[in-house]
Amino acid sequence: MKSYYDRPLLKGPHWGSNVVTYLFLGGIMGGLGLISLLADDRPEPEMKKLRKATRYTAFALAAINPPILISHLGRPERFFNMLRIVKFKSPMSLGVWGLVLYSGAAGANAVRELADDGIVPKMLRYIAPSATVPIQALLGAFMAGYTGVLISATAIPFWATGKRHIPAFSVCSGAASASALATLLSTLQGNHDVIPRLERLEMAASALEVALIADFRRRGGAATAPFFEGRVGTRLRDFTILGGIVVPFALNAIGGAFKLPKSLDALRSIAASTLTLVGGYVLRESLIEAGKLSANDPHVAFRQPS
Amino acid sequence: MAKTTIDITGLATDRSTRSILNERIGELPNVASQRTQHLRARIDGAKAVTSVCPYCAVGCSTLAYVDDSGKLLDVEGNPDSPINAGHLCPKGSAIFGMTINDRRWTTVHYRAPYATHWEEKPLAWALERIAARVKETRDATFVREHDGKRLNHTLGIASLGGATFGIEENYLLGKLMHSLGVVAIENQARI
Amino acid sequence: MPGLGTSFGRGGATVWLPDLENADCILIQGSNFAEAHPVAFRFVMKAKERGATIIHVDPRFTRTSAVADLYAPIRSGTDIAFLGGIINYVLSNERYFRDYVAAYTNAGSIVSDNFVDTEDLDGMFSGWNAETNSYDTSSWSFERNEDGSLRRDVSLQHPRCVLNVLRRHFSRYTPEMVERVCGTPQHLFLKIAELLASNSGRERTSAFAYAVGWTQHTTGVQFVRTAAILQLLLGNIGRPGGGIMALRGHADIQGATDVPTLYDLLPGYLPMPSALRDEQTLTRYLEKNTKKTGWWANTPKYVVSLLKAFYGDAARAENEFCYAYLPQLVGDHSVLPTTFAMKDGSVKGYFVIGQNPGASGQNAELVSSAMERLDWLVNIDFFDNETVSFWKREGADATTIGTEVFFLPGATVLEKEGTMTQTSRVLQWHDRAIEPLGDAKSDLWYFYDLGKRLKALYADSQDPKDRPILDMTWNYDHEDERERASGEPSALRVLHEINGFTVADGRQVAGFADLADDGSTASGCWIYSGVCPDATTNRARGRIADGTSSPGWGWAWPANRRTLYNRASADPAGNPWSERKKYIWWDAQRREWTGDDVPDFPKGKDPATPARADAIGIDAHSGADPFIMNLDGRGQLFVAGALVDAPLPAHYEPLQSVIENPLYGQQSNPLLREWKRDDNRYNRAVDPDFPYVLTTYRITEMSGIMTRYIPWLAELQPEAFCEIDPELAVEKGIANGSYVTISTALGEMEARALVSGRMQPLRIGKGQRIHQIGIPYNYGRMVGFARGDSPGGLIALSMDPNVSIHEAKSLTCAIRPGRRAARIAGSIEAAVPDAQRHEYGAGAAHGVDAGERR
Amino acid sequence: MATGFFTDSTLCIGCKACEVACKQWNELPSDGFEFTGNSYDNTSQLSGTTWRHVDFVERESVDAEGIATSWSMLSDVCKHCTHAGCLEACPTGAIIRNEFGSVFVQPDICNGCGYCVVSCPFGVIDLIEAVGRGDDAAKYSVATLHDDRLNERKTAVQATGGVAGKCTLCYDRQRVGMVPACAKACPTESIQFGEIDDLRERAKRRVETLQARGVDARLYGADDVGGGIGALNAFFLLTDSPEAYNLPAEPVLPSTRQAMGYAAAAFAALTLATIGWAIFRGEGGAA
């Protein structure tokens, strides 16, 4: 097949671990928004505890994610350049505004918690009307999903091929990771009662995620090779599919089916959650790395996916 | 087909008619920065000096743009020339880089006999020493006559080069060398 | 450029570059036009767009071939066979422009019956003297009438008329022979021959373009001669869209030939006085060099005016205008013999200015080791280079090298003003844009300063040998006070001196017609006379282009004529040959020549003017003799004695070749010069150890030291490479991009292999395949962002007998995969032991006689 | 008034004057000194600091008369698409469409996020990640820059972790009525600059002329290239398929995939929210 000395046609992403981390944390923030909504306004103490944990964590993540982005950009004022416009056509522009608004909502909700706990004056509770909770959840869903849109709405053939799948399994992965993180936090908090539900949510998200990834592999064709084959494919299989989905799923299933001793059960939870989080990170990392490899192959770039 | 008018905002002419919000939120906001608004070619209004490309013998005319402080800004083809009509080849396009180049040696470098390194020297010192050496060599090797024939020459000094510098310089070098009695005068133009 | 000079009268391109656009066919051979002269190539592209056919004949398929209509491969060094084949085609098919040939060339002159051609002597001409290894050229002459004029047969019937001598001489240059010698497939050769023939004549014209691909051979001058013969036969000289475009290399290489820094020339193509020719006095010199007929009848005016320009008031009639001040030649003092002399210890001091023989010279190691024996070396350049840092080169031990080395920082073209003469002989003045950086100075500044210092050092001398320095006029202080303070001389004052002036009042002369032989005028270079015709006009600074021949843009020598010999663009009666090719014609009403250019002919000389055998100068010519510099006013198909090796070109193999000469028993040019020494080892004439043709060239992106330090250019061609054909690559196990080592008997170099189908093996004879390897000459090992070995290390020095040019385009070599070995420092032995070296003597120190002749 | 380039490969002699003239005018560094072995192409691609790049396409074919060689050269450049992926992607608005219809990167606004890089269907735009001088940074050597300009460039590029770079269609020159540096330098007028409508007409006439001469001439980008990109303001005349010149036969504007992406994400989010609702707040969950 004709090419120009097999030189790459496209330029690959210059993105490294900081962008991977940003995408990973963005997914978790999205999932936390959902869990925070699910736990909202419930009388059960374990739900209150969960609500508090997710809100504080979401806010913490909202606070550290911009610096991670800035670390990629190099200089803080360059971050603010993104705030000079709102560009509907640019997922990254919308994403930044999503992050800003999410941070606002998460902040407001965190302040509400603080006020409820009496750490800050009660007055401040009214900073956040109750609508901020579903708003945060909605923005969270956007946060978890837009990164998938962001990469699939590019010229990189592998990413572009995944325009249906990548955004969807990114959301699932975010939700699974958020559930796993919430499980971890709840374990540390001793909030054991909420864990089965979190684990069920994680199982559901993981199941959907793995189904979508499998479908992607089936339909994707040659352009998905960098993702599923070679070094990236092996890592994806070991850390995300097996280590990050199948094993935690099994562990969670065991936890749901059998009553284990408390400490063993806690160990099981921690192991499952950690594996899920690692799998979530590796998924994002694999996406980026496969994008780089995909850009190097001119043949798949000559006829670009619609 | 391309739009014939471009919806660019932030340019002074557009400013009064649009609100900031309209400018900055939308499908594709198109806002020029301060720098963009004032963007102009750096040679706009600069002095253009007519020169010639120093590489090959086609003789492309060039324009060297110089700012008020005498700093070189740019060198490009002279559109008036019937030879190159403003065009230049890659070498000609790089004349700027031949003159303004931090690898260029702009001081005298001197290597003493048997030395293993260069040393930088004042220009006047070098010129005085070179003149003395020329005289010394000429005086030692000059031949007035040989076999009854007047020769008036020295074979102890040779000169190489000429095709890369101007005709006035060739003339002066030739006049000086001939008057010194040097005959081994050569340049790249052997044919 | 005697190939052109002996044929047409002047050693310069006959064409004004933009006129190439008017050609109907352009043959580019011996030149990689698009790569070496890309901007001038736009005129070729314009011609192509107008329907002209572009032909490229070259050993390599280059960027020129890529846009040509027709490309034909050729074995390097066989162009005489190729062009001779076309001459044979044109003559045997009666396709020459008969009216033009009969009237404007010496086709009708009767060759002496003592002349014996190569046909009868197996490749040699009559007059060979085996003892002196030279020709007695007296038989290469014409029969004369009783009044001294040439005998002519304009009906071209006489068996010994030049045209019929040509027919016989080239009869063996058949298409089959061309294929055997050149490797060019017959069908391509015939196509080219037919294209040239059908695009020449009254209605159409074809132009030739060549460059150093034709000249850097031991038969280089004869390559150009062959082209000149063919263009005369086709009637393409002096006509629009015709001519021979000599594409010269450096920016002022034409200027440095016109105002020469060449050992054998004085300005304006006046020969340098030589002790070998009995030119001890001015009278003798003028006797030898003044011609009775043709323009060179004016020689005394130009010589005396030059001496007045050099020595001012000291030059008087009673002292032969200080003629005796000029040094006398005693042999060949060109660069190659001088290099050997340097190596052998007789050259003590060396100026190298804007040239880098340590990398771009042939046998670069010889050049460098020769410089080790100098007392001092002065180099003016912009950058560190292989020449000035020769003592640091690979394999050298600086602690044993006693040469004192001075590097003087030169000013670039932007930092100085002055004039350069481009390849169509147009002088262009450049203004100064910026002050020189640091301590940098113009070359003019250095020369002027050195002259002043030497005058001061010799000021008290009573020694007659120092008179020339003391009497030399040397006052070029700048008109501008600030410039004067900086020591910058006035280039304009120098140009005024070159133009010439009346001694009495210092007023500039309007042109060379005003120069006199009585000492009343001075002129530094008569052919440039007219460039500054008065005190305020500098026509080199003219910058008006008008879409025609642009007489207001710069100034062309001679007398601002753009297309030379343009009288030939009209028929003998003075009318254009055709409406389509109208250029200069006789206006019978105004009784003058007129048209789109300055006529290269006396403006008011009626075309019906008869020749006069008794007249002097061009008055001896008729009104239909366009080549005014020549003795008979005609183009020289047959050159009588002006070249030492042949009156008619004959194909000889290069000194180092891959086959035996298929045309003659004589293998190579019998007069070529070589130096068989340990430091200059040759491959054998046909050497199975070195079975491949090696050719060298330069590439668009690089020149040499002036480009290697510019990152924008270095990134485009960052490393030395060689081009080889895929078949050879497979045979030798060479992968594209890998390092290979190319070797000759002299040395070896390494380069990256560029394996390309653009290189194709040639098929010669029955199944013999010849591989050609190409290596660019732009690189050097020591300095620059772009680096690599130069082929200079592979090429032993050899020389053409007419102009002392080296053979660098056609050699033989071997090639192997992998890198070369490092060179180890060691003692350098003298190539010729001191005991064997003559203390002094003509040639001995300078190689001509020390070198062996073949 | 939209302006652009018409680059005609049949007039290109591969001299690379465009590359150098561009670098000189825009004061761009070299991209390194590496021999590739790919014909005469050692700069290999357009980059953040190489805004014109000449492709060298060598072809051999065997016919009755032997091996026929051809060597086609083409100066590639940013296409200045009617709908530009980089411009749409840019989150800061650094990339704008200027009054000449060109796609222009404002270096003072660009934050170096690199999203434009992956959003160009032609692989044109790239980040300039470093500027240096001398042996320590030979790869990016700008030996030809004045110190003050070098420092300015360093501040703009090195300290900020990179800005995106690509052809500006010499916006600064166009502002004062000058022709872009590459088109001005091009000795054979293979690169023609002008009003885009004029150029298209010229190009179509040129194709007809060449086809009449038997040349396999075709335009790339003079009309809509498909994929939502529209026509290109810098378009080309080729004598081979686009792939031979490393141009995509079927480029696609990346933003056309956004709607599907958002929908897919929403679908997943809704599904998970429903499941979550069932788990946490449904009958079983609340129990």
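Every chain is named by a letter (A, B, C and D) in the order it is written, and numbering of its residues begins at 1.
In the analysis below, a residue touches a chain if its C-beta (ideal position, glycine included) is under 8 Å from a C-beta of that chain, and two chains touch if they have at least 3 such contacts.
Computed from a predicted model, the values in this text were never measured in an experiment.
Colleague: Comparing the two chain pairs, does A-D have more C-beta contacts than B-D, or is it the other way round?
Modeller: Most C-beta pairs in contact, of the two: A-D.
Colleague: Measuring from CA centroids, which chain ends up nearest the centre of the complete protein set?
Modeller: B
Colleague: For subunit A and subunit D, let me know how many angstrom lie between their CA-based centres, rounded off.
Modeller: Roughly 33 Å separates the two chain centres.
Colleague: Whole-Å distance, subunit C centre to subunit D centre, using C-alpha means?
Modeller: Those two chain centres are 45 Å apart.
Colleague: Approximately how many whole Å separate the CA-defined centres of subunit B and subunit C?
Modeller: 25
Colleague: Any chance you could list the residues of subunit A touching two or more other chains?
Modeller: Answer for subunit A, listing residues that touch two or more other chains: 84-85, 87, 89.
Colleague: Considering subunit B alone, which of its residues make contact with at least two other chains?
Modeller: 24, 28-29, 31, 71, 75, 84, 87-94, 97, 100-101, 103
Colleague: Residues touching two or more other chains, restricted to subunit D: which are they?
Modeller: 15-17, 19-20, 24, 36, 39, 88, 93, 109, 143-144, 187, 189
Colleague: Following the definition at the start, I'd like every touching pair of chains, please.
Modeller: So, checking each combination of chains, I get A-B, A-D, B-C, B-D, C-D as the touching pairs.
Colleague: What does subunit C use to touch subunit D in their complex?
Modeller: 34-35, 38-39, 41-42, 45, 61, 63-67, 71, 185, 187-188, 699-701, 709-719, 721, 736-737, 752-758, 760, 785-786
Colleague: For subunit A, which residues are in contact with subunit B within the complex?
Modeller: 84-89
Colleague: If we count contacts the way the header does, which residues on subunit D are in touch with subunit B in the complex?
Modeller: Residues in contact with subunit B: 1-2, 4, 15-17, 19-21, 24-25, 82, 87-88, 93, 96-101, 104, 106-109, 133-134, 143-146, 170-173, 175-176, 178, 181, 184-187, 189, 196-197, 231, 233.
Colleague: Within the complex, which stretch of subunit B touches subunit A?
Modeller: 24-29, 31
Colleague: Touching subunit A in the complex: which residues of subunit D?
Modeller: For subunit D paired with subunit A, touching residues are 36, 38-39, 41, 44-45, 55, 57, 85, 88-94, 109-115, 117-127, 129, 159-162, 227, 240-252, 254-258, 260-262, 264-269, 271-273, 275-277, 279-281, 285-286.
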